[in-house]
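Chain lettering (A, B, C and D) follows the sequence in which the chains are written, and residue indices restart at 1 in each chain.
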Amino acid sequence: MKTFNAEEVAKHTSPDSCWVVLYGHVYDVTDFLSSHPGGSKVILQLAGRDATEEYDPIHPPGTLEDNLKPEAKLGKIDPQTLANPAKPAAKEEKKDEVDPPLESLLNLDEIEELATKKMSRRAWAYYYSSADDTWSKSNNNLVYRNIILRPRVFVDCTACDSSTALIGTKVGLPLFVAPAAMARLGHPDGEQGIARAASKFGALQIISNNASMTPEQIVSDAKPGQMFGWQLYVQNDRAKSEAMLVRINKMADKFKLICLTLDAPVPGKRELDEKSSFINAAPVAAATKTGDESSRPGGGGVGQQLFWGTAADLTWKATLPWLAKHTDLPIVLKGIQTHEDAYLAAQYAPQVKAIILSNHGGRALDTAPPAIHTLLEIRKYCPEVLNKIEVWVDGGIKRGTDIVKALCLGAKAVGIGRAALFGLGAGGQAGVERVFEILKAEMETCMKLLGAKDISALGPQHINARMVERDIYDGAAGLDKMGLWTKSKL
Amino acid sequence: MKTFNAEEVAKHTSPDSCWVVLYGHVYDVTDFLSSHPGGSKVILQLAGRDATEEYDPIHPPGTLEDNLKPEAKLGKIDPQTLANPAKPAAKEEKKDEVDPPLESLLNLDEIEELATKKMSRRAWAYYYSSADDTWSKSNNNLVYRNIILRPRVFVDCTACDSSTALIGTKVGLPLFVAPAAMARLGHPDGEQGIARAASKFGALQIISNNASMTPEQIVSDAKPGQMFGWQLYVQNDRAKSEAMLVRINKMADKFKLICLTLDAPVPGKRELDEKSSFINAAPVAAATKTGDESSRPGGGGVGQQLFWGTAADLTWKATLPWLAKHTDLPIVLKGIQTHEDAYLAAQYAPQVKAIILSNHGGRALDTAPPAIHTLLEIRKYCPEVLNKIEVWVDGGIKRGTDIVKALCLGAKAVGIGRAALFGLGAGGQAGVERVFEILKAEMETCMKLLGAKDISALGPQHINARMVERDIYDGAAGLDKMGLWTKSKL
Amino acid sequence: MKTFNAEEVAKHTSPDSCWVVLYGHVYDVTDFLSSHPGGSKVILQLAGRDATEEYDPIHPPGTLEDNLKPEAKLGKIDPQTLANPAKPAAKEEKKDEVDPPLESLLNLDEIEELATKKMSRRAWAYYYSSADDTWSKSNNNLVYRNIILRPRVFVDCTACDSSTALIGTKVGLPLFVAPAAMARLGHPDGEQGIARAASKFGALQIISNNASMTPEQIVSDAKPGQMFGWQLYVQNDRAKSEAMLVRINKMADKFKLICLTLDAPVPGKRELDEKSSFINAAPVAAATKTGDESSRPGGGGVGQQLFWGTAADLTWKATLPWLAKHTDLPIVLKGIQTHEDAYLAAQYAPQVKAIILSNHGGRALDTAPPAIHTLLEIRKYCPEVLNKIEVWVDGGIKRGTDIVKALCLGAKAVGIGRAALFGLGAGGQAGVERVFEILKAEMETCMKLLGAKDISALGPQHINARMVERDIYDGAAGLDKMGLWTKSKL
Amino acid sequence: MKTFNAEEVAKHTSPDSCWVVLYGHVYDVTDFLSSHPGGSKVILQLAGRDATEEYDPIHPPGTLEDNLKPEAKLGKIDPQTLANPAKPAAKEEKKDEVDPPLESLLNLDEIEELATKKMSRRAWAYYYSSADDTWSKSNNNLVYRNIILRPRVFVDCTACDSSTALIGTKVGLPLFVAPAAMARLGHPDGEQGIARAASKFGALQIISNNASMTPEQIVSDAKPGQMFGWQLYVQNDRAKSEAMLVRINKMADKFKLICLTLDAPVPGKRELDEKSSFINAAPVAAATKTGDESSRPGGGGVGQQLFWGTAADLTWKATLPWLAKHTDLPIVLKGIQTHEDAYLAAQYAPQVKAIILSNHGGRALDTAPPAIHTLLEIRKYCPEVLNKIEVWVDGGIKRGTDIVKALCLGAKAVGIGRAALFGLGAGGQAGVERVFEILKAEMETCMKLLGAKDISALGPQHINARMVERDIYDGAAGLDKMGLWTKSKL
């Protein structure tokens, strides 16, 4: 195999001839430019140099092999000829500050604070960002503050059991890790670190379609009975999705559900993420832009790149039958935001076993409702849904009391997304464990102070949600009365 | 033609003899002092020197010819005798800072921020200012934050069409440029720059009665099918208004409507604008004030100057018939703020084809209701209005989601005022294009995430406006029940 | 008359022998110590030195003569022996800053800001302070922000007349000066300066019982038809009050009403005022305190001193008949804060001609309701009151729109207290005129933009008070239903 | 008795041999490590040195004797060999600042501010801290701000009597000191200082189960008729609780009630307290941790230490009968937070004579309801409770108006916790007296301004609680209607 020096590689930086160095090898990616899910611009910014550091944390193993022809691998790079990157020095300097021990971090805000210090700006911006003016992200949490707890006294709560079962599988906690992409951006432990942490608490982990490790890697040392789910973003190229389902179906002892994400048929506008990419990006000649790319406002950002190729044409009638052909696993629909869609989902039981009320962590559409709104809508307009399928929620969880409040309203499980990633950023697997430890302790303290011995004892009598209830959708009493439109057909 | 030197001109600075230099010529404006719409004080502050820089951006071509007798033009100025103004140096210094590229500005706030840096203090104060304590201006935007979106899932929204038709004319967007005065204050491209930007998006532009360019100039290179409106402030001297209508009627291929502004029969109190004028103004001897002027609190400001001569005696019965005599163009009434007036306007269809719910960008009466309040009032008390005439809104638009929310409630079009001016200030025509680009992209992302393929698919089922609804006027249920007054007659 | 030197006077600083210098004379005030309305401590702090500067601005002429026996005046002070006070230097230094011209101050906040700079800390603290945590003071204004105006269009409002009549007397404005004590603390023009300013606008002035000038002085150059009222704090020593009524009755051509203040039977806790007195006070030996005084928490402050001697035992049955014996002037009851008391007051028509809804500018009881609440209560529970007597309001007025909103709800007049005093502090009589000028202009601009030609045209249809209405007392629907108490008897 | 030197003591710092110096003596506490209520870690941090300063303020006399065998007392310490602690110097330096006189502190916030300066960080953190995000603590106070007072006029309120009776015993004030632990942490006067201050105002004091002095000490110089209560946290080792009851029963002339605390069966998460302990703690080898301790998140804090040994298995059926066997004193149940439990408590009259609506000062469960919510719930759903037993409240009291508002809603007494402790911290017994003085003066001023002569005159007609009422639990109208759960059985 031929060996190149860096000088030679550095000449290939145009759409006509674009080389990059990855893991010590030189690749000619010219032909791949137009089909890169993140757009050609992202590659051209890295052209002619060693892109391993940027490439590695966001691509699972096998990506190069899946996407490039064998002849694209031109040879080796002579490592002596690569300039020493200046960054590591800065990083070492930062490491002089000793991190506080994880056990001294008392809540999720403190973990996020440490993660913010330790992670790269790019990773932080990708995890932290949300759509437009972050109204939905903020409100996801605020809505829990506005629900008042109602502690009962003279109840023996010496023992308190927070285990439960989700769509028939026993779990240690009603808390699950929601699918979130690119865990290795935050820490080398990546999705597998989350899996190992989850196993200690018996918690379900739903693995992102855009994970930075393969599903096989992530579940490789799972404990017996450990529960996983696989998130599916249906691709325009359905064959790709079908191939993934084949892989997941083979691990049906571990993967107990397919989570079909519906709340982001197109990417939201996450300005912090876009800004971060814009700032870092070396300017690329306008000539290299395709018409398609130039229409994207801003710099794209990690979030937008991940969406390329995702199908926006899913429908109740076409997508669920297609899915039934390719997997027997139970389906969980993620991103339900109205009682109308919850009602519809329940018609698809038993193929659909659960729905996740979610506004995508506020990352898709700003001013979309928090999950608690949708849950209250369901209670008000179609409570029977809660009997037909399981209703899970995510978004805005910061405290054990938040989890308990959702459970009191009928949710069977509550997901965390950023919290797990920030735990990872703060301390790898141990940081994720600290997140679980804090939430489990807070949740059980809350249950005891409410006078509830186990999950099944929790009910709406334990909360006062009146401040929230008066804000939920009131189609029947309000705008619907105007006679200008007919109620959307269920 | 005689040539004067600056020293001689500088002697004429009193109400008895007042000269100014404009575009290289010397004018005797003594006789015109008392009839200047902005009051004599404004001219006297500039007397005896070259006033071109101050005069130019707020007067369209032809103003001198229309208002001064030929003999008032005394001759040329010897440019050698004019002192070099000190300002340009400062300006160059400022230009050392390189502006960020427009494509790096991700939202309207960032565009406003750049415009604020680049524009003169006076222009900024005029655009930015609003009445009293800016409650209405702030609330115009805030009210949109309090409307929650209701995304539907499993809808194929691969394609999304945001074109529509306004009073029968097809437009590329439901977004129009509301009439706003003095665009050249912000950038030399002026109203024509806005027109060229609008043409790229097929958007309607309503040209201000106080534009700093003539309507003929503004539409001079319009594309075929490009839609314009002309804003009319009826003048006390009706003949002036009639003359303008004659000019507009001649361009009926481009001007598809006359927009009669009603929400500002007298100027609001825009303190920032007044303050800016007060600070810059050289002190003028009290003796030069007329009784009328001295009664104006504060320094007047650009806004107050523009209002001089505007009629405050318009009525349903007199004004609309007068207008019918002078134009066949459809009438759009701007500044409707109650359902009662919306109901009345609908009685004047088909002469009146649309109304614009507006509180003049919060610039007229502080604590006047946001357009969304009035729209909700209409839906509640007289929804039939929405069938008889088109209802448009303006004020407070910052995001594509804001536009979509107004459309969901029945608005046919949504106007932007300051956003276009700040776009102009940030980058001339290209800045305005960036504003359109951002809003169109945000609007279409929102529609897709709601599951709406086109404008007609949007309806009140897509929003939860309950937080706003409970604040709207409730005459019937509340104060009206007291029996102390009878309902205002519709 | 004997002449003393300062050294000798300085020896008399104890409760056994207490001398002070006032206006160049030496007084022995030992016997008066125990009967000083402000307590002996205040005098002892000034004992042995020239107290003129502290004494003068808070005592009207004649106070010495009324309270001291002739022999208490011991003789003259030798002015050479008095140390030059150090303060004037500091004052001059401050005067190097040129005050902005009054006409450049655009609103009441800017006037207050200037007054705050110019006035003594003690005067400012007395005017500015309010009870406890200032909730009522803040809310007095905030409640107006939460009322939305409803402008009507197509109304000819070229002319706009803001004159009106109050209990039968024509006034130029529905705006009156509420009784506020100690105007000379703020500016030497004092209450007479306010009177002269009011005369320019035809406005009613109600003179405080604790004015720093005599009523005769204040009205001495009133214009024909200028309307005054006299505020009465009934004294424990009724004879004192009766004597004052004799003096006022003699000036019945000017004084058109007696304003009986009811909302402060005991002084509120104005911490800023108390703090200011505490800080300035020289420490006084504990031995000099009487039991009574030592029970007063804090330092007392100007406000508490003024209250000494005020009767707390007024009743409907005893006080009004007593008043009828001593004056024929119409009675205005100030400080009504519930609809129940408004209802009761109306039973005492025609002796009682008006009530002023007031919480004493937030200075009496914190979290007392703003006048607008009480006005809405009256409209809801006993609207007939508005027909039987006039209802005036005060508290929190900052804008012309505030005035208009109160009028729309049925108030006949709106009072300002601090605003007049801060106007005085900012520029003496001219400052008060500027306050009137601003409010009148704002009020008329508001009326025109609402489409109201005169005061009588204003009604509740011009406002949306829903945000406030939902917070007003709802005895019948809420707590009253509990059956634990019977409705307070009207 | 043997004398040790410090060097020798310093060798015993492990779980195998742990010595400490207390009050000049050396103790071998190795055997006691595992049974220390605060966990072994706390002792190990102090091992091998003089721990008197840390030990003394949180342990009442007799603790050593009760818990250690006689042979654990090894001998005396040679004081010469103890290093001089460095801290005192820093303390003296601080004392250079002269404290403001207590009479210059005008309200509870100013007293807290001074106490915060004077107290140790650890004491402050223990007193100040509350659960999670301090929502409940903040809202405890805020809820009073949202209740509006309704002053009546023309009421003779010259005299005003604020005395009352609690469960049959006459007290000088409706204000009591709620049980709060560890008063000597804040000031050496400790709980006895509070008792002496309370006696001056005839106020009830409920002594904490975790007091830093013995009950005998605290009441040792009580005045005749002075009323005390004893707080009971039932211990897992019931014999300990029974022994305490024997002691209390003997002082039945002073102790008029047993206050059984129910709102904290397990400790809340007080992060400030935990953080403070974590920061101060010397690192302890992980090997010394027991499994039980290592599961506690964070450092524990004073609050968590105090809870060890407290029973979490109390029930209506078992606990009250057990209590009846061991005392004849009336029972007051503290920590009722729902109307359901208030209703249940009333069934246990006359053994139960009163309940205290409390969320433990926001220290147990964050987002638990303020007492005022529960009081309003009782008025709404089971007002008869107010006739059967007395209802007291605590939490959030900052002003005399707060007290009056609670009384107007039917509370018979109002407790302060932190306020008394901060008074103690600010000035020992005199500081607590200042707290009583301020609140009593504020309360009586409020009563007079409302027109209430005594406590019995206060009623719901004096307040407008509508802003709070709309937020209280509305089971019947809201979530309860959903049919998904049956109302919790009373």
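Please note the rule applied: contacts are C-beta pairs under 8 Å (C-beta built on N, C-alpha and C of every residue); 3 or more make two chains touch, one makes a residue touch a chain.
Because the structure is predicted, anything quoted here is derived from the model rather than measured.
Engineer: With chain centres set to the mean of the C-alpha atoms, which chain is at the far end from subunit A?
Structural biologist: Taking each chain's C-alpha mean as its centre, the farthest from subunit A is C.
Engineer: How would the subunit A/subunit D interface be labelled, same or different, where same requires over half of its residue numbers to be shared?
Structural biologist: Here the answer is different, because the shared fraction of interface numbers falls below one half.
Engineer: Round to the nearest whole Å and give the separation of the Cα centres of subunit A and subunit C.
Structural biologist: Taking the mean C-alpha position of each chain, the two centres sit 62 Å apart.
Engineer: Could you grab the centroid distance between subunit C and subunit D? Build each centroid from C-alpha atoms only and quote it in angstrom.
Structural biologist: The separation of the two C-alpha centroids amounts to 44 Å.
Engineer: Identify all positions of subunit C at which a residue touches two or more other chains, and write them in rising order.
Structural biologist: In subunit C, residues 470 touch at least two other chains, as defined above.
Engineer: Which label fits the chain touch graph of this model best, line, ring, star, complete or other?
Structural biologist: Contact map by chain: ring.
Engineer: Hey, which chains are touching each other here?
Structural biologist: The complete list of chain pairs in contact reads A-B, A-D, B-C, C-D.
Engineer: How about subunit A: which of its residues touch subunit B in the complex?
Structural biologist: Subunit A reaches subunit B through residues 132-133, 135, 262-269, 271, 274-275, 278, 295, 297-299, 312-316, 319, 333, 335-338, 340-341, 344, 359, 364-369, 373, 470-475, 478-480, 482-485, 487-488.
Engineer: Write out the stretch or stretches of subunit D touching subunit C in their complex.
Structural biologist: 103-104, 106-107, 144-145, 147-158, 379-380, 383, 386, 399, 401, 409-410, 437-438, 441-442, 445-446, 448-450, 459-461, 464-467, 469-470
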